[in-house]
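Chain IDs A, B, C, D and E follow the sequence of writing; residue 1 opens each chain.
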């Protein structure tokens, strides 16, 4: 483990912002801290950086306990949510700041800054002031500035929150490439699951100051450990009497089920050529165009289920009766989630062309 | 046309923020003004509301020219981006404000406000002040307030911009339902295409003060009029030498093509049972987990194309050779876009189960 | 409205206490004589500034200022008719004064006359003649001494230069200088008006002593009716009575009590114990009159500037 | 095509514009214009001659020099005061904070008298300094002290709100890059405070140049020691009914005030143009 | 000792040093002069103190001061509100210049203020003939210079920007969305002001009024040029000056006694300011809008 937190407790007054948090991040990984607002993500990041001290517990970086090392000596790059670029310094000066502090010779600074700026696609903007840049450019300056002193760990607090939807997508990809290329251990905070899933090697899910689950996006997606994670991750509709659905039996104490659109296949009546026995008949209640797909809301005996339909397929229309095949769903009690597969379906998976 | 703008010009100093803008909105429709930042969306909205005056051109509401009618007399509800809730009034007082101005009797006000608050799911919050509400709740107060005086037109400036990703999705659906239920002609500004596509009956796309295209989301998605729209809408990769792809011929002067992920079908080598002749062979360069799907980047003779793959299908892995079928793409010259279908494919569309 | 006649007397700082008493005396006198109520409104300040305020529209019916020159300035703007100096006795100067020294109890620096003031170990306090009309008298008093002991002009100037080089604080007005000396305990000797010195001596019993120099100057404060205002206010007559009454015996005695020298020679003698009558008093005429004195000594770049700025 | 007419959504433009211009003109502009008009009766040559007279020139140098020094000192102390009052908690803080405006509220003459009493050789402070052989009252030092007294609220009150609002992230960002606290302050915080410090400095400076009541008692007003301030010289001229000189000097002071305010405004505008978008 | 502890220690040291400097500065430069006024005012005993502050002159000048202050507060409040409304709710050409002009009284010497008023309203001023013609025509005796109106005008001048200065920043931060929203619903100007804008600027306004009051109470230089008659047009500061200039031992103490009235008023005002500011900040709805 390169960055490790062990049994961390952090209190603000009476409020427990981190409650026995332990996790480790391997060298070179890009990890996302994902959770709802107020769940303690920023607090964790700031403790790693040394901007906050835990009340209890140990923080290790590269095997060394760093609790008593001040923030400025931990060798950490930090990208602030609002970037915190120095307004009165040019782009060049911003990036050079950390290097000047290290008393690096002017010539070397110039080389490194120029290198970083061209790496981040900011060549030619050296002389601009932060407010003369677009949101995305500012983000990259913040990134270049954090990288300049060659940190071993990079921390980013909601790096994309303040950016346009369009630009955000570009920047995510860019960040991922950049971090991978540089092999720098990175942790970033987000409350946007798409972002976490897309960018991170691993995701740490926090809630109420507790780490709910840690794993690769796929793991978290496919096997949520806790009810919170099951509901938080993915677009999910919650269904109460799931045992009324074909192929699913009630599990004691587990009163609720989560059905994700990708668990649902909606076919025009008669077009479903397999698993007819496993499918339900439903009525289309709503068809929502989502740009690259249609979301179809179907009513199955009073249970509302949402599925997706590709634009390339024939349109279904409101009121039409359709076949709905639900592959699987999550059910959960207070503590745990269980994945239920549709029992009516055969062992072999559905066949696609 | 219920709301109509005719040959509108608006200058800020030397800067032309609206450049010969004309469009019409039918009664009861929910229309989105979509465009990049600075493209003049807010300016248009503010001119309709009467908060700004055009330098030239006419604005009609319900067939009446309103240029010279002051904002307060146009019968318009306006939801500001930052809500502009009255900070020192309770929720109740905020919503009642417009009614009091109309000298409506107290009892009637109470009825209407209570009705609106329960309609917007704010019952029980009458006595709270705006700062005691969550972002989503504030948005709804702003909405209720705008609706209270029974406006014929509702204008909303980036109503969801300041809201959490999770809450935003809920609110969008809610807004759409509400507006449809009330049958109120509404125009809202956004720079998020997902939002526009999901919520609006029609979309007006602006860029550099010009209306690039107006149409239903599907129309705009399927047949973008201008190169700008083609690139702006959808997730698109731009390809230069598209004529190197099977089934597509070069169109004179049209040097660039846009390929959207949904135009691309990626199949494991040998699993494609139709149109083999129309498909390319490519190498998987990257597989990106996107939560509910995989994005697969494939290299076809040096042309990079991105397609999507459902999670239910077999995984493809980096380096693997796959069949790539490109159904269609957009090409464009300086002014126009053309939709090119893959010629190698038969007339009949691909068959899905 | 209530039948009260109001007149305004614009005066200068060191006459506050005197006019406070005199006004009351006059008001009673007028009531007794004519059965009418008069109220005198009083104004004090630096003499020059007071003259200016009248020029600028302060509604003074009479002015009682430190210098004839200040009244001439008002006359020049047409507010006072020419010939005011002859309107009342003794050149319209009902009381006079002179310049004396005030030293701390026991006269620790043994100051007896002007020549002690130029000693290296003596700190002198005197106001700035460039901003205070009263301070011009201080300057002229010293110059009178210099002219007495020194026939050569260069010698006189040398004396003056030495004297002013001993000045440690030069306040903007007589009162400021007094405060500096008395309240802030600055300096060894205050060059002051006799009436001022007497007031201090009485007020701070036993703390200060007055030293009379051998030579000084006869300071002649002047009084006049501001004709234009008085005419407009319909107070010409009361104003005349007001100034006239200054020459009455009661008023002259009151003047003596408040440390000014009464113009009436007889009454002055009654106060022989209070005023050193043997001082050799020069007069403004010895300096060619006010206008001449002003130009020669106090104008920008004139003698005072020369000796002071390079002392 | 019809031409647009200018309407404003928020009511009251004409009304408030009218009231503001009327009051501003009646109370501020017209009286000041009178000085201007009077002063403009002088030919430029004459004007120049009057303001270049030795005592006037000296007084200007004194006023400008001492005000500048006082404003600099105020800027330093004002920053420290504002910093302490914003960043730290300590008992009695609220009370001390309340005293900052005292110099606004105390009549200038009372302030002047009191300060001169405190700082003469026999005064509460003067005694201590006298032992060290330092004279404060009746020297330029006294003048500077009086100007510090009247100028301090300008700086503190300009800096305080900016400090209160300043985002702590700038500090943290510098800190994360390895900056010491000193370096952080100099390179990151100080530039953020610069506009506010400049405003405070400018106002304290401008106020100092024109100060009268609080300085004349402590300065000694000596032409020889060059402790006469420019307002004193105006009063001197006025005392001699020398309107030419008085208005000539007044004009120069008005110009200085204008230029100072304008300078502050321009710098502010430039700074905010460069930075406010972030 | 770990590095973190070292850092913490140096941080604490800085804190102590800065607090010491601040306390010393405020106490030595501001509090001690204040106390010295009080101490001096009691030099002749308490009876004398009461006597000297209850003379007819003092009572009258207190009335004039309160009148001038009252009018200054009213005028500057009206002006301040209008200026703030104008400068924060509208954009127009010359706005920057107007903002600069409003600040001018801050930086102008009181001596020049006095001079300016005299050159306008005094006997030598250009307005004097107008005034005289007016008086002749209507048989009135309206005076400005050397009369109460002049005193009031000068007081208004020196306190002119105090209220606007306090509320402009507040309204600037608030923006104009709320007003636009209200106007859009058809609210009239006064309704908007009363219901929407006023609650925002309430605390700033009160604060501005307090500062304006404090400053108006203490104004000396400008009023001095325009007010010459004790017991008639004198304000408290002029009365103090007159007492001080009377030159007897007791009159100086009396001057300090009268000063102490102003000092006490000032302290009350400043404490009120602090309390109000504190309350205001507490009551202010927090959080983002």
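The rule is short, and it goes like this: contacts are C-beta pairs under 8 Å (C-beta built on N, C-alpha and C of every residue); 3 or more make two chains touch, one makes a residue touch a chain.
Which protein is which chain? UniProt says A, B = ABC-type quaternary amine transporter; D = Sulfate transport system permease protein CysT; E = Sulfate ABC transporter permease.
Everything numeric in this text was worked out from a predicted model, so none of it was measured.
Contact with both chain A and chain D is made by B, E.
Annotation of chain B and chain C: jointly contacted by D, E, touch as defined at the top.
Least step count on the touch graph, chain A to chain C: 2. The leading chain pair by number of C-beta pairs in contact is D-E. With centres defined as mean CA coordinates, chain D is found 54 Å away from chain B.
Centroids built from CA atoms put chain E at 16 Å from chain D. With centres set at the average Cα position, the gap from chain A to chain E is 56 Å. Along chain D, residues 9, 117, 235, 238 each make contact with two or more other chains. Chain E has residues 124-125, 180, 183-184, 244 in contact with two or more other chains. Multi-chain contact residues of chain B, defined as those touching 2 or more other chains: 50-51, 71-72.
Touching pairs of chains, sorted by label, consist of A-B, A-D, A-E, B-D, B-E, C-D, C-E, D-E. The residues of chain E lying in touch with chain B in their complex are 175, 177-178, 180-187, 191, 195-196, 199-200, 285-289. Those residues of chain D that touch chain C in the shared complex are 53-55, 116-117, 120-123, 137-138, 216-217, 220-224, 232, 235-236, 238-241, 245.
Here chain E touches chain C in the complex through residues 118, 121-125, 128, 143, 145-146, 228-232, 242, 244-250, 252, going by the rule given at the top. Those residues of chain A lying in contact with chain B across their complex are 36-37, 164-166, 169, 191-194, 197-198, 217-218, 221, 233-235, 260-262, 267, 271-274, 288-293, 308, 310-313, 327, 349-350, 352-353.
Chain B meets chain E in the complex at residues 49-51, 71-73, 76, 78, 80, 82-89, 97-98, 101-102, 129-132, 145, 149.
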